[in-house]
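Next come two complexes built around subunit A: one with subunit B, the other with subunit C.
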Partner chain A sequence: MGRYILRRVLQAVGTLFLVMVVLHLLTTFAIQLNGNPALAFFGEHEPSASQLAAVEKRYGLDDPCYDQVGNPCAGPFVDRLVAYAQGDFGTNLRGRAVTEIVAQSAPHTLRLFVVVTFTWLTIGMVLGSVAARWRGRPADHGIRFTTVLVDALPVFVLLLLYKFVVTVPVHQWARSEFGSESWPALWFRPSFDADHPWATVLIPGILLGVSGSAAFVRLVRASQLESYSGEHVRTARSKGLPERYVVLHHVVRNSSIPVVTAVGLVFTEALAGAVVTEGLMNINGMGGVLWGAVKGSDVSLVLGVVTLLAVVTVVVMIVVDVLYAALDPRIRYE
Partner chain B sequence: MRQARITTAAAAGFAAVALVATGCSAGGGDAVTEEPATVHLALNQDVGTLLPMDSNVDDNIAVLDVVYDGLVRYDPETTEPYNYVAEEISTEDNTVWTITIKPDLTFQNGEPVDAASFARAWNYAAYGPNAMANNYFFERFVGYDEMQGETDDAGVVTVEPTATELSGVTVVDDHTLEVTLNGPFAGFSTMLGYTGFFPVAEACLEDVEACAVKPIGNGPFQVDEWVQGEKVTASKWADYPLDEAPAFDAVEWTEFAGGSSWADFMAGNLDEGAPGAADLGDVESDPDLAERVVERPGAALTYIGFPLYLSEPWTNIELRKAISMAIDREGIIEAIVPGERVPADSWVVPGGVPGGETGTCEFCTFDPEAAKEALAAAGGWPSGQTLTITAGTDEEEAELFKAIGDSIQETLGVPYELETTEDFSSKRRNREMTGIFRNNWFPDYPVNENYLAPVYASGDPEEGNTNFGYYGAEFEEAIEAGDSAETLEDAVAEYQKAEAALAADFPTVPLWFSVSRSYHSERLSNVILDPFSGQMKLRPLEVAAE
Partner chain C sequence: MTGAAPLLEVTDLAVEFRTPGGVVRAVDGLTYQVEAGRTLAIVGESGSGKSVSSLAVMGLLGPTAHVTRGTARLNGTDLLALPPREHRARCGQDVAMVFQDALAALNPVLTVGFQLTEALRARHRISRGEARQRAVELLDLVKVPHARERVRDYPHQFSGGMRQRVMIACALALDPKVLIADEPTTALDVTVQAQVLRLLAEIQAERQMGLVLITHDLGVVAGVADDVTVMYAGRAVEQAGVLGAFRSPAHPYTRALLQSVPQLGSRTRLPVIPGRPPGPGDRPAGCPFHPRCALAQDVCRADPPPPLVEAAPGRWSACHFAGDVLRGAAVPAETTPEGDPR
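Entry: the complex of A and B
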């Protein structure tokens, strides 16, 4: 197991380095072709040449290589790697440390993810198990039909409907009935409130979770159906074990392996959903920060945040792989 | 002297409002438990800083309006400036200005608000390498150029700035400041109420980053905390010595950074809301809301520019007139943004600033016949060519400019293509436009000059100004005459002549002015919108208990 983990970690470091190289090249070429992102600092107004030069210098964009199309700008890349290695992820265009921005916004996104993951697992396991257990019955058809519907409804439509149709009357009613600081009023707030981070992220998180849960339901159903017809289940049944025991220990447990993998894979996809959710619900999370940084051409913030996200993704992948190996002994011996 | 007189009148007027306000709250709130009256507002823009020298978007300007006091403030109804922190602003020749500051004023940290505090802020803003957004406001000061240095075409600094202080700003004594401008400018004193001219404390410059997040102001409110990206909270400064203090206790601004805050307003969490296009249904179906709306003509002008730095057909004035008269401004506004814009037939907002008059543009009304005649006089549209219309990526603006293209195509038979691009600003700056393009101007201070000189004057007969390649000798002369006029009234009249010269040269096509509209909660009354930004003025606001 130790060697397995070591191998995975080394691969991860390599992946991370590759991601950073690609990211660096893409932004470098974008700057060379599109012109100076330091201009974004000034918005509509035109800065004087000296102001521009000052801002370029401040954000490390003054290297002449950024003016030469095709130059890979190796120097600034190495400088950045060294700075990153020392924990210095630079600052945004306003001079705020990227690490500070991330430290402030990441907890909001993590809360969202906790709710989302919990929703996935709950809906996926419950509905998937029911559908598999009563295969071909109305319950199964109903669940499968619902998953298609949920899949067809984009998350932003769901959230827009919720925000503009549901929250306003419900929140108003809850405020007048229970007071503005009551749980129901907070749950149905039209947007996030940093003073009540869990309560106000709950329903948007559930909605985001629901919209991504269809894949889990089908995955759990498929994998449980496989287990139901598996030899070990037949053996267990023929031993006379109670059905309840067979389902819980041999079917549900085995079907959790692909689910764990899927959580890891869908994690990155959820970040895309988080951008939408955070934007609509005004949650100051990683998705919103990244979106704002891209819109505002804030190069160092984009690089810093994407690198940190890449680190998180790679770490999640390792955790999933290790969990996978723990759940299925065959994997670690390969 | 003129300025001093206005002060007294305005102060008296404001005192009356304040009395009414206090009277109201004392009578209405039968002293149950003293809940602090908090106003809940939204910051819809991305606010990067609260440093006065660097704040140039509506939202941070609105926050700083209650956190700092400037030398002058503007009457919210008439935009007329009056002295506030300044005791007197005087000049003999419009070039050398003497500013006296009221005694015994302090910052919220106890430091004195004196001549040095203004000089300190202005020097910091004017120093090029500090890259402050309001740097360009100091261009008229003697010594500005020495603080900018020089760069070559690639943007590499070739000459470092030789000065760190404006030689045109002298601290005469604790309460007297002398400013020398490059040349006469009659409108100088009206500029001084702008955010970029606020004073800063010494402690602020010692830690600029901290001060940008937690300002050390001299105004009636102090910022308690700004959790960046989330919210700004401010509460009343107990020792505020002047009289324009709001009648409520605290403000909480929630940041929405481009997202919609309308649902939060409708749900009762915010005291002010501005509906987006998608929310207009709510507004129409709610008669109660119609009673809580305040509207005033805005000051932002949207207009069309031509690449005059290219040759024909753009340099042909008849063609420009033809395009202008082919645009059905009223019809487009009615179809796309009803009630949200006012068709423009002048380059300066009429009634909004001194010298602004309606009807200075003769060719700004929709007249298909005249448009066709003008196009014929211009020799027709080059056959086989398509008119490119370039705008930014804002969806509503794109829709408006598509309608403009349709209007031109229908009237003149000129085929067009609409180009919406992220690189809009840089294309304009680098003179890469190949057709007509969108422009928007938003005044920084209330004189008609602000719509003219910063946009069209260049002093460069060869190249013309940066964005359009325009140069008008008569226009430049009139601006200069206005700058050196003896009184502001005379100056305004000269600037009006400059606008007339502009109308004759017809380098751009005025389209429409903005309309400011704001909905407010039932708790608020005496809601007045800022004539420039359209934002709610906080100081005169009255707030009932929650």
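Entry: the complex of A and C
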């Protein structure tokens, strides 16, 4: 198991390095083709040559390679890797440390994520298991029909409907009924409130979770159905074990392996959904920071945030792989 | 067959499957008996309904299958008439089953120790230590070396033969009265097959269990079985003591099987006899064996033969001419093969 984890971590480091190379090349070519991003620092007014040079120097954009289209700019890349390795992610155009910005916005995103993942897993496991257990019965048909409905409704439509149709009347009613600081009033606030981070992120998170759960319900159902017809399930029954025990220990347990794999895949999807949700619900999270940074040509911030997101994704992948191995001894001893 | 009261008595069992192409009768009036301390071999070509009938006795048929008639009495209680929950509760302790492919039949993600004792733990409150001890005992019983360490291993870490022993140990965990082994050695090497069979026979004799051994291998039948039931197209066509059946078969199908026994070394599957068995959907009228039967007469094409009749004491056959066949009469010359092994 130890060797397995080590191998996964090494692979992850390799992946991360590749992501950074690609990211560096993309931004380098963007700078070379689009012109100097240091200009963005001055906004509307025209800087003098010396002012521009000072700013360029400060953000590591003074290397002449940025003026030569096609030059991969290996020097600045190595400099940046060294800085990152020392925990220095640079500053944004306004001089705030990237790490500080991320530290402030990441918890909001994380909270959203926790709610989304929890909703998603609960709905998927419960509905998927019920549909598989009563295959072909009304419960199964009902669940499958619902997943199709949910799939037909994209996240942003769901959120728009929620924000502009549901929240306003409900929020107003709850405020007058229970007071503006009551839980119901906070739950249905049309936008995020940093003073009540959990309460105001709860329902958008659940909605995002619901919309992501449809595919997951189907996956859980399919993988459990496969288990139900498996020979080892027949063996378990032949031992006289009660059906409940068989379902728990031989069906759900075995089908949790493909399910865990899917968690890793859907994580990235949830990341995209989180950006949309943050934008719509005015949640000041990583998605918002990234959006602003790209719009403002804030190169260091973009690079820092994307690198961090890549790190998070890679860590999740490792966790999934390790969980996978923990669930399936055949992988562990491979 | 001896005069003792049978332990497991299957009578006139019929099983149907609902398929997209209509209803298919996979087992159609199967009757057999097993007595305590004896081994009954069930032989028959692929598709004759051996597995389906065993699963029916165990109550393990899928949702598309339906037992349309028949009984399976164990010590007098008809298992098939019990509510599903009670039927399930009898599995493992009254009648247990060993499946063919142990790799698929064991759960790949649970330790062997867990699978050996789960039935025990589900029924009795026993401590982890006791369960572990019991698992070790079971592995010892089936002669898996280093049992104490191996209970922690997973099925894929065992060799094929050892895995099949584990499978057998699982079935023995609740000390069943009857064990149904569905081709327990088909997936194994020839040498390993013999070891596993010897082990099964030993345990069966020691515990005075009734053993139903489903097999394709007539050599196995001759070696370990006391009685034999020959199945054809979903029903028993002959039941007898092994010696009698081999020396003087009472059904033309059994005779054809025996006459075509291949030479040693290639005896893994049932010998081929000309023609193909009818599928469950296209059984001919009259005797289902008549298109392939060397003795078929007009009456065979018109009337189905009676279900097992006693042609001689302990010699049951489902053939219009059971008595003649038993006496070895009326065998048309051209079907007598050269070099009959018997």
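FYI, the second predicted complex is superposed on the first by the 324 of 334 C-alpha atoms of A that agree within 3 Å, B and C clash if a C-alpha of one lies under 4 Å from a C-alpha of the other, contacts with A are read in each partner's own complex, and residues count from 1 in each chain.
Operating definition for what follows: a contact is a pair of C-beta atoms (placed from the backbone, for glycine too) under 8 Å apart; a residue touches a chain by one contact, two chains touch by 3 or more.
Since we're looking at a predicted model, the values are computed, not measured.
A.B. asks: Will subunit C clash with subunit B on subunit A after the two structures are superposed, or do they fit?
C.D. replies: fit
A.B. asks: Looking at A:249 after the superposition, I want to know if it touches subunit B, subunit C, both of them or none. Which is it: first, second, both, neither?
C.D. replies: In the superposition, A:249 touches subunit C alone.
A.B. asks: Taking the superposition on A as described, I'd like to know which of subunit B and subunit C A:329 touches: first, second, both or neither.
C.D. replies: Only subunit C is touched by A:329; subunit B is not.
A.B. asks: With both structures superposed on the shared chain, find the angle between the C-alpha centres of subunit B and subunit C as seen from the C-alpha centre of subunit A, to the nearest 10 degrees.
C.D. replies: 160
A.B. asks: I'd like to know which partner A:142 touches here: subunit B for first, subunit C for second, both or neither.
C.D. replies: Neither partner.
A.B. asks: Quick check for you: in the superposed arrangement, does A:258 touch first (subunit B), second (subunit C), both or neither?
C.D. replies: The answer is neither, since A:258 touches no partner chain.
A.B. asks: Does the superposition put A:240 against subunit B (first), subunit C (second), both, or neither?
C.D. replies: second
A.B. asks: Considering only the touch criterion stated at the top, classify A:163 as touching first (subunit B), second (subunit C), both, or neither.
C.D. replies: Touch status of A:163: first partner only.
A.B. asks: Does the superposition put A:197 against subunit B (first), subunit C (second), both, or neither?
C.D. replies: In the superposition, A:197 contacts neither subunit B nor subunit C.
A.B. asks: Mind telling me which of the two, subunit B or subunit C, contacts the most residues of subunit A?
C.D. replies: B
A.B. asks: Just subunit B (first), just subunit C (second), both, or neither: which does A:231 touch?
C.D. replies: The answer is second: A:231 touches subunit C but not subunit B.
A.B. asks: Upon superposition of the two complexes, what minimum C-alpha distance (Å) separates subunit B from subunit C?
C.D. replies: 48
A.B. asks: Overlap the subunit B and subunit C contact sets on subunit A and report the shared residues.
C.D. replies: Comparing the two interfaces on subunit A, one with subunit B and one with subunit C, no residues are shared.
A.B. asks: Using the touch definition from the top, list the residues of subunit B that touch subunit A in their complex.
C.D. replies: Residues 46, 48-49, 56-57, 128-133, 135-136, 148-151, 154-157, 161, 209, 212, 227-231, 254-259, 261, 263-264, 266-269, 423, 425-426, 429, 440, 466 of subunit B touch subunit A in their complex.
A.B. asks: Once bound in the complex, which stretches of subunit A touch subunit C?
C.D. replies: 229-232, 234-243, 245, 249-250, 253-254, 257, 327-330, 333
A.B. asks: Please give the residue numbers of subunit A that touch subunit B in the complex, ascending.
C.D. replies: Interface residues on the subunit A side: 34-36, 39, 41-56, 58, 62, 64, 67, 93-96, 101, 104-105, 163-164, 167-168, 171-172, 175, 189-191, 194, 279-280, 282, 284, 288-289, 292, 295-296.
A.B. asks: Within their complex, state which residues of subunit C touch subunit A.
C.D. replies: These residues of subunit C touch subunit A: 55, 58, 60, 62, 85, 88-93, 96-97, 99, 101, 104-110, 118-119, 122-123, 154, 156-157, 167, 170-171, 173-174.
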